[in-house]
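Labels for the chains are A, B, C, D and E, by order of writing; each one numbers its residues from 1.
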Amino acid sequence: MISGELFIDLLLGSGALVTAILCLTAKDLFQAILLFISMGLLVTLAWVRLGAWDIAIAEAAIGAGLTGALLIATRRQLNQ
Amino acid sequence: MPVIDVASLLPLLIAIPLIGAIFSVLLSTKYAQVLIGLLSALALVLVIGLILVNLPSVDTEFTTPLRYVLAGWEAPLGIALSLDGFSALLLSLTVFLVTVLTFYSAFYFAASPARVRFWPLWWLLVAGINALFLSADIFNVYVTLEIIGLAAVALVALSGNKAGLTAALRYLLVGLLGSLCYLLAVALLYHVYGTLDFAQLAAKAESNPLSWAALALITVGLVLKTALVPLHFWLPHAHGSAPAPVSAILSALVVKASFYLLVRFWMEILAPAVTNEALMLLGILGGTAILWGCVQALRAKRLKLMVAYSTVAQIGYLFLLFPLLMSTEEASASQLAAQQQSALAAVSYFIVAHACAKAAMFIAAGNIIHSLGHDDIAKLQGMAKYMPLSLFTFAIAGGSLIGLPPSAGFIAKWLLLNVAIDTHQWWWVVIILTGGLLAALAIFRVLDQAFIKPEQASDHVAPDNWQKVPVAMPVSGLALALCTMALGFNADLIIDLIAIEGGE
Amino acid sequence: MTQALLYGVFGIALFGIGLFGVLAIAHVVKKILAINICGVGVFMVFIANASSGAAPDFVPHAMVLTGIVVAVAGTAMALSLVVRINALEKPEEGA
Amino acid sequence: MMWQSTLPLLILLSALVSGVAIFFVSDNKPILRKTLNFFGAGSCVGLILVMISGVYQGQVFETRLPLLPNMDLVLHADALSLLFVALSGFLWLLTTIYAIGYLEQSPNRSRFFGFFSLCVFATIGVALAGNLITFLIFYELLTLTTYPLVVHKGNKASLAAGRKYLIYTMLGGASLLAGVVWLKALAGSLDFTATGILASMPHLDPFHLKVIFALIIIGLGVKAALIPLHGWLPSAMAAPAPVSALLHAVAVVKAGAFGIVRVVYDVYGVEFAQELGLTIILAVMASVTIVYGSTRAVFQDDLKRRLAYSTVSQVSYIALGTAIAGPIATIGGIAHLVHQGLMKITMFFCAGSIAETLGVTKVSQMNGAGKRMPLTMLAFSLAVLGMIGIPPAAGFISKWYLGTGALEAGFYWVLGVLIISSLLNATYFLPILYAAWFKPQQGAWPKEKPKGRLETHWMLMLPPVVTALLALSAGLFADAQFSPLNWVKLIAAREYGSEFVSILAASSQQIPAMWLALGAPLLCALLLVRKQMQQVAHWFLPLSAGIALLAYAISGQGSNTTPWLFFGSVLTLNDTTSTFFLLAVSLWLLAAVFAVNFVKADERKVRFCLFFLLAMCGNFGLVLAQDISGFISFFTLMSLASYGLVVHFDTDEAHQAGKSYMQWAVLGELLLFTGLAGLAFGSIDPSLAGNPEQTYPAWVIGFLLAGFGVKAGLFGLHVWLPMAHPVAPVAASALLSGVMVKAGLLGWLKFIPFGEVAFATYGSVLVVLGLFAAFFGVLVGVTQDNPKALLAYSTMSQMGILIAAVGVGLKYPELWSLLLPAIVLYAVHHGLAKAALFLFAGMNSTLTWHKYRWVCWLAAALPAAALAGLPLTSGAVAKIALKDVVERDLLMGTVLPLTATGTTWLMMRFLQLIAQKQPKKVTGQPDVLQLGAYGTLLILVTVLSYLISQANGTWANHLTAASFWSSAWPVLLGLGIYFITRALPAGDINVAYTEAGSLVRLGAETLSQGLKLLKDEIENTSWQLPQRVVCRQARVVGLAMAAVRSLMTPGVLFALLLCMLLLAMIAAR
Amino acid sequence: MFNNMTLSDSAQQEADLPGSVLLIIGMVVVAACLFLAMSLVQFQSTDQPLVTLVVSNLEQSGVENPVTAVLLNFRSYDTLLEVAVLLIVALAVMPFSLQDTRLPFIKVSEPVERSLVLEAFLRWLLPAIIVTSGYLLWTGAVLPGGAFQAGALLAGAGILLLLAGHHSFNFNAPTARLLLVVGLAMFLLVGAGVVLSSGIALAYPVAMAGMLILVIEVAATITIAAVLVLLFCALQIEPLGPQPNRVEKEKHS
């Protein structure tokens, strides 16, 4: 019997997995980057669930945010 | 009795290059950077000299490694630095090579704008290498690996051309992937044993699936970074495209750093999880690497590429260490320890020999590129006349790589062959000797070209864009080459150093 | 199955997806993405293991924090290389 | 002592430092570079001398540097290493001089000399290495340092050669490394010790040791050019001459050979290696290499390539000596290390000089080179003769010891190898000498440098002359205290733990004056070098013979013992030798006097004088020499010098005869070598002492008989004789037939134990052959139109009688005491009479027949009658003396009187020819000197034999009617035959006889003709077939055929003999 | 494996690996992951000694947030090296030019196109972000947050500024260099300085620990922010100073 909390965890985790897969299979690079950022946000949530607040903040700011910004900037360069 | 507390000198080995890097960033004029470089090198030499001089000898009390607990927090909470014979050897080697290469780079980059970035990156790389050899903490090792990896990539990218950048990118991705594999293993190990310290892990380690998994991940990750066949694909281009001093340090030290970690893990930290089959597998890969690397070196069209492939082959020799560690049923524990010790001694010698020789070789190749503007082997005809010193350097270093006496390479091979025969693994003898022969073919292919008299009379003058190199450049290469020869005359010093048992 | 274990397995799965991506995908930027996914997977294993006990273990948290910074540094470096290669590859377009 | 532990290192450093320093000298500073060069080489030699003297005083020199755990870098000076070090150091000095001259204007000299010194450094290291790993280190270093020298020219050929060299040596190095590592794992530190280190470790697996041995030998064999690892050596000829010289003589090939010596002796221990069955394999390998290398050399036209293949062959002597595993063979092998070095370096020096001065690189271009560059070619010739193994040159010494050693070890087949090799050596070397000295120059030299005061740059000339002289003295003074041979004996003593001291008992009665007899001709020959002396050269001939006569006159019987000459020389005057000496000295003197005016006017005066004097010296020496080596040395000197006399007139006929003479002479030498080696072995083996049956095995006697038989004109081996004797100048013909031919006889008398052991079979064979020859000579002789040719056949016939007499002596030892004087008497008689006839034949055209018809007839008839054995002549005396003794033998007793019939017939024919050739008109005055000489000879002919038989007290016997009749009827019969045959049409029969003669002579030649046909067939086929492989095979076969053909009869005959011998020996077991 | 690298979407198909190879790679990866997961599941975690160690030593660390304590005290060495990593990346991506060394760090210029909304937004947002990051830094000692988070936030401000188009940064300026190294330098300075009092590198005296950590964190924040901005700038080739490859390009055209 899966408890409610565990269910959320399961949801978050599989959400991250799915977005990761989608990210890698996406045809369009921009799409992939967006999916990557959303995966980062899902993972941030997961880490909040695990009580790792520092990490969550850092992931949101750096892992998802900054990396996302860099990726988008790169894409712009590539498409020029 | 040591006059000073040797252990307290250890952090200096990391701090000095970092300070050098900081000042190189801040003071970007040419002479300031060179001065900083030389001063840092000098300081490093002083420190390592003090350490070596005060290192207690193996027969007295120095049976456990030196240890320096950083920040005052003992492991598992904090991080410690430790130094045993093996790492002391590698550190000395690093300092020595860095000193020579610093001197060389001062001339190599004299006219290049790339020097502004080169110097700080150089010192950061050195800091990373030193930190790795001193580290006694598996997570800290991850950080040092990243420092080394990123700095190396940045240095490779200095060449600025497309081939160099592509090679750098590939190198970077490989490095990142390898580091992540390693990091996952760290996660598993920490999960299982609750500590990150080498010694504590070694004490706690046992043979269980997670240990195996961790060892496998570590091995894959580090083998990727060490460029063992079949994961060597990134190396030739990365080493072949970088500026000469960078190629030199990459081949001489950077690949050795990850190899050093492999040895640490297989021989000490996770020794209980090691099986004979796994050792043999690594050995077979090593053997393949020897042959493959040599064959590729034979086929290479560019000089530096050839030298880089030769590195692939030489890495193969290093991995012959592993099958030679195998225990046999009849051997007692003490016999096994002695056998492993001699195998390690052989491979350490190999590391030293290869490092010096390869650095010398890249310097020679760098000089040739510097003056000719290319390193196409087929167009090196008559080089012997124009650049005798560089060619001589190349020849001596080549002799060492082939394993011709009297050179460090010969001693290394000799030791390795001895162990192979002692452990009744004669097939390695065949491979080692074949590798030597193939290497000889590759090296002499170059020398042959260099001795050819240019056919037409008009070729008698130097090639068009001939540029004279400052004499210091070939001389520093020659110094290294002569070192490989000098090391071939007395192996006792190094072997005694290795005999200082670490860990366990 | 506990929460920690669940996330641990997810972490490994993420690592696997990333690994496959690195090996299989040709596009460099996506390779970089895949490596980042790998990294996230590893971090997740760290954090999951850290919370397997009664109280959370903060040492892995610190390590992951370091890891994240290193990862973004590596990513940035890779991307900058990509951009530079791209600029060299298409000189006429860039000018 | 500090200096003792640093001296080896200093020697090394002297080469290293100068080498390194030279690299930094700019090409524009030759003075500085030369100074450095000489400083290095000089100090090296100096230090080596210091070390040698130290070792003599019993000091131990060893440098030990830690290298690896339990493994030191050891430089150790023992006798063996000193030998090699001294050789290297000394030859380095010479080569440096040479190289400076050779490379005077070429680029990259600093590089060249730098590597050159480093190469020597490595060689010295190899020599001084005290354990296997040190050896390995320097051995590999040698590879590296020679590579730049090989590719020095930088052209395609040299690069290809360099590549080949590297591939071979690297493979070898790997194999060696594997072997050494393995051995180290089994046996530890591998320090060289005198009797081997492995022998004392019984627990080792023999199979492993065998495999290791194979690995090591492969490694060393590459440098030592053992087959099939020799491929690099001929290609490496692309290097400059000094490099080739050093490579071949010292550095590379010797390092390999030296290594083999070290491994077999000081690592495995020779006895242990023998137990493992390793030495026999090595011996076979070495033997195959020896034969193969020589065979290939025969077909090389490029001089340096020929020398290179010669090296392949010669270096394996060292390995062979090592592998034979006996102390004597060891001496031979190691001595060859030095000897071959000296000789081969000389050859390469000379080849380089010729190429540099004249642009000649091919053998076919060398015609007449001897006239242009006499000193160089002289040095070359000395080296070549030594290499062939002509005694007493250095090569002979090594071969001698090898042969004896092989017998000692029971390796009989090794003798065969040595002989085949020597034969091949002669085949490929002698034509060079022939071309250089006896052929006229054809056209301009390819690239001649302007001739200065000297024939070439002095730096190119000095080194080969020095090395050639050294090679010569190494053989000449083989047993001197500081000779290489003596040094090597020390080494062998160390390895086998025994002593080899040759003890010669000093004779009570010294005859120092006899040195004068030998020294005078040599001294005169030496004086010929000076231009002024050449003008009066013709007086040297009688002068030196006269001195010899004087010396004989003041010497009593006794002997001279000279331990340092040859292997210890003994010169003896006793009854037999006195007689022969007297015969020889008087004939030489008379012939010399006879020749004075002829020589004076001759255009090849100097050459004639030189050869005449040398032959004289040889003849005197061989008569006196009582020891094997001395005898054979003088014997060879005489044989070779006579060649110059035979070909003197430079006509085609003369050259043809000379060629045949030389072939047979060489063959004879080889047979003698074999026989004497066997003899020497029998005499030194203490276990055989006092047992003549075993001291003189039958095969030894067989070889001696055959060997001396060549010179004595034993039937079947006589072919050269009728060709050579007539073509020479008269004086020389007289000597050849009168006295030199007796050398063979004398050899028998000296070395076959007549009167001790019976050899019935040999005896019968000799009797049959001798008697057959006696008649055969007559039958062929009477068909001749040339009186000198007739006389030559007569010689053959007369020698047949002597040979038959010797055969009787072999059959009946108990007769010997009576037979010996008879034989000597007969020999003396024949010598005098035959010489007189020859002189007369030569004088005939200048005689004033119409004035002094009867005097002339008398002068001609007297010796003829004596030869025919007319009663009361010396001939009759000699024959009767002989007949009395040999009557015991049925055949001999019956047939001997009949020989006189033949001789009479022959002599009548001679007189007829003389009469036919009477000059119608005499131009110029008769030569007083000739007349005087002839007159003296006549007196001697008539008186001397009478005096001798008078002394014997047999004179009265001759005066009885019975004896008168017994000697008269054959003569009458002969006269009858003469007058009957005279009626027959002359001339046609001549052809028939000649044909018959050649048929008998050359059953073997038919064979070679057949082979030639076969070869032609194959060659033709090969041209039509495009496939390279087929061509190659066909070429090899063709070349083999050519080889056989070029050896012609001697070769085939020799092969047959050898086969028979082998069969005999196999059957005996 | 890594030889198939492409930059553009269009070339992706060609450079992809064949299906069979992909299948093999996939199977291997899945198998490896399964093994890892299985061994992880099977393993029964026992104790975590560090949990108690961290808590028990927290008081002496000078901060109350355990993560910050680990980062900047217990394992401060790792963090030191991490700052070095950032410096490496900064150097690697830094557009370098010797001429720019004398120009100021921040250059104000007229943007090509002005976005009034963005400008107004920035005027409000920037100070807020700076204050927030200061807060994050400050509370990092107690609550989640710290140098990295603060630095990232600050960097965000910088990037916004950049995007607005009024300002551009010149990282070759001496000031910029100082900003890039100040974190590492301060860390080293403090780490070495404490040797005077405690005798051990990086071992802060308990009394001063909090203050020293804050000093380091401030410096680190500045560096992190600078580096992150630099990273962003590096990917925006156009707005920055002349690149070496651009100079070449100009030569060509």
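Methods note: a contact is a pair of C-beta atoms (placed from the backbone, for glycine too) under 8 Å apart; a residue touches a chain by one contact, two chains touch by 3 or more.
All values derive from a computational prediction rather than experimental measurement.
Under the touch definition stated at the top, chain A and chain D share no contacting partner at all. By count of C-beta pairs in contact, A-C exceeds the other of the chain pairs A-C and B-C. Centrality by Cα centroid goes to chain B. Set against the Cα centre of chain C, the chain with the most distant centre is D.
With centres computed as the average of Cα coordinates, no chain lies farther from chain E than D.
The distance from the centre of chain C to the centre of chain E, each centre being the mean of the chain's C-alpha atoms, comes to 15 Å.
The distance from the centre of chain B to the centre of chain E, each centre being the mean of the chain's C-alpha atoms, comes to 29 Å.
Mean C-alpha positions place chain B and chain D at a centre distance of 63 Å. Between chain D and chain E the centroid-to-centroid distance comes to 91 Å (mean Cα coordinates, whole Å).
For chain E, the set of residues touching two or more other chains reads 1, 5, 7-9, 36, 40, 45, 47-48, 50, 54, 67, 74-75, 78, 82, 85, 88-89, 92, 148, 231, 235, 237, 245.
Residues of chain B found to touch two or more other chains are 77, 139, 143, 146, 150, 153-154, 157, 166, 169, 173, 184, 188, 191. Listed for chain D are no residues, as none touches two or more other chains. Chain pairs that touch, as defined above: A-C, A-E, B-C, B-D, B-E, C-E.
Chain A contributes residues 27-29, 53-54, 56-58, 61-62, 65-66, 69-70, 73-74, 77-78 to its touches with chain E in the complex. In the complex of the two chains, the chain B residues touching chain E come out as 11, 15, 18-19, 21-22, 25-26, 28, 69-73, 76-79, 113, 116-117, 120-121, 124, 127-128, 131, 139-140, 143-144, 146-147, 150-151, 153-154, 157, 160, 166, 169-170, 173-174, 184, 188, 191-192, 194-195, 208-210, 212-213, 233-234. The residues of chain E lying in touch with chain C in their complex are 1, 4-9, 11-12, 15-17, 22, 25-26, 29-30, 32-33, 36-37, 40-41, 45, 47-48, 50-51, 54-55, 66-67, 69-71, 74-75, 78-79, 82, 85-86, 88-89, 92-93, 148, 224, 227, 231, 234-235, 237, 243, 245-246, 249-250, 252-253. By the touch criterion stated above, chain E contacts chain A in their complex at residues 7-9, 65, 67-68, 143-146, 148-149, 152-153, 155-156, 159, 228, 231-232, 235-237. Listed in rising order, the residues of chain B touching chain C in the complex are 77, 139, 142-143, 146, 149-150, 153-154, 157, 161-162, 165-166, 168-169, 172-173, 175-177, 180, 183-184, 186-188, 190-191.
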